[in-house]
Amino acid sequence: MGLALNKDELSQYLAEVFPQVHKDFVVEALDEDSITMRLVVADRHLRPGGTVSGPSMFGLADVCVYAMVLARKGRQSLAVTTNSSLDFLRKPEGGKDLVATCRLLKLGRSLAVGDVLIYSEGSDQPVARASMTYSLPPAGSAAAKYG
Amino acid sequence: MGLALNKDELSQYLAEVFPQVHKDFVVEALDEDSITMRLVVADRHLRPGGTVSGPSMFGLADVCVYAMVLARKGRQSLAVTTNSSLDFLRKPEGGKDLVATCRLLKLGRSLAVGDVLIYSEGSDQPVARASMTYSLPPAGSAAAKYG
Amino acid sequence: MGLALNKDELSQYLAEVFPQVHKDFVVEALDEDSITMRLVVADRHLRPGGTVSGPSMFGLADVCVYAMVLARKGRQSLAVTTNSSLDFLRKPEGGKDLVATCRLLKLGRSLAVGDVLIYSEGSDQPVARASMTYSLPPAGSAAAKYG
Amino acid sequence: MGLALNKDELSQYLAEVFPQVHKDFVVEALDEDSITMRLVVADRHLRPGGTVSGPSMFGLADVCVYAMVLARKGRQSLAVTTNSSLDFLRKPEGGKDLVATCRLLKLGRSLAVGDVLIYSEGSDQPVARASMTYSLPPAGSAAAKYG
């Protein structure tokens, strides 16, 4: 099974559906089973001491898995986060972007699961691990949202 | 074991340590084993369709457990999120604040665990469930950060 | 919405579908939103030192949420665990049964979510916290298994 | 940092500390950052329909991360599971062993984190994903158990 959207098409679609935040995120690489995205770290992502905030790391992991699902299922697809788990492993380096790679572990009829490792740019020690489950309601079924 | 900080002292301390975001969060109630906090929902917390974003709900749950730990351990205490798990259950109601209640399940020597239910104000059906683990390094041990 | 199975009907059904393990588990209490079950701790559940094993606690939490879903949806219902999260909080007391209470947080069209606190009998300090998501495939859809 | 125990030493130590269950588990491969273990599936691991039970998969993931920590820290080390998260992705194949590979993501002073993918032998589609956090109390500190 191939990609429904290539890297450029995916980037353009994310800009349309996330007008508020799409400039935070850049798609760096994409293939059928994985995606790499960058969080362009700005002041609003930081906590005192220069650490990237937990919600910013959650957001990066969430967007990463969502973008992977869109790339496979295409523009019309619906996808709602139903579950997430994160381990915070190390303090991110101040002033560095975060780079996240998602592996698509399952793309089923109604559920998709991906896991993510997040690194400070240039480091090979992950700052966080995440896994995310998305519910994939049938197109048009407003009632199906959130399972 | 009692509270090290009462509700007013806790609110003042959160304003000091979270200057960027403390206006988002209000401590509504506090006792030895639980805390209730409100996320004052503003445009920056929303996604298209009026839904409160996932990172905003993560942030609310995280602050809630952190504030509970501070209330018990006091101002000097260090606490670093090491793990979180969230279930997104229902779509939050547009235009409503979110109200979260944390139960402190464990306050050990080196780890604290709390779980959280989040509701749209006025509803009795939770929009999300979360659990958070905090590492509690000995005071002064910079090296102990993130376990 | 009421119960599809009362406590006796549920106990009988669990004995049919879990012939290998049903004697480990006893339904202690049941209402529309919660269930309490006991793990009758035997040697096979123990680890050296008398601690109840992690897999035994996982199994208790899993059965607890599954039984709650069955009690609401009835005998014909299918339900497959898709996600679980557990926090191990304290060492269980040797020689004591474990008692678990599940709250049903969501019973949707396609997903059910419950959380569980597990106690050593007679203690008011939880030994573990768990949350479980079940996928509820339409009856008859073998292909729907695991989403 | 190297291994404190090689594959044979680790296998021997697991046999000593898990007399009840060590025959279920075989160490297949070990290096500084990862370990592969096999669950020799027997009747007691199965559910009706031939599926491997959830507790058995939990146990495999848990032993896998524990063995990885032991291999790095050595025989005297203490390690207690404090958190776990599992996604069940596909139905395991009946009559096949399960093979699990753990990546050690963090081995800190007080916490270790690993994640695990579990496969039915011979398949390249994972049946489950897990992550586990272990607390590493200082040697001799009985009080430090469970953080």
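Per-chain residue numbering starts at 1, and chain names A, B, C and D are given in the order in which the chains are listed.
The working rule: contacts are C-beta pairs under 8 Å (C-beta built on N, C-alpha and C of every residue); 3 or more make two chains touch, one makes a residue touch a chain.
Note that the structure is a prediction, hence the values are computed from the model and not measured.
If you take subunit A and subunit C together, the chains in touch with both are B, D. Distances between chain centres, each the mean of the C-alpha atoms, put B farthest from subunit D. Rounded to whole angstrom units, the spacing between the C-alpha centres of subunit B and subunit C is 28. Subunit A and subunit B, compared by their mean Cα positions, are separated by 23 Å.
Chain geometry summary: the mean Cα position of subunit B and that of subunit D are 32 Å apart. Multi-chain contact residues of subunit D, defined as those touching 2 or more other chains: 82-83, 85, 87, 89-90, 106, 133, 146. Put simply, subunit C touches subunit B in their complex at residues 85, 87, 89-90, 105-106, 113, 115, 117, 126, 129, 131, 133. The touching residues of subunit D, counted against subunit B in their complex, run 82-83, 85, 106, 108-111, 133, 135, 143-144, 146-147. Residues 17-20, 44, 47-48, 53-56, 58-59, 62, 80-91, 145-146 of subunit D touch subunit C in their complex.
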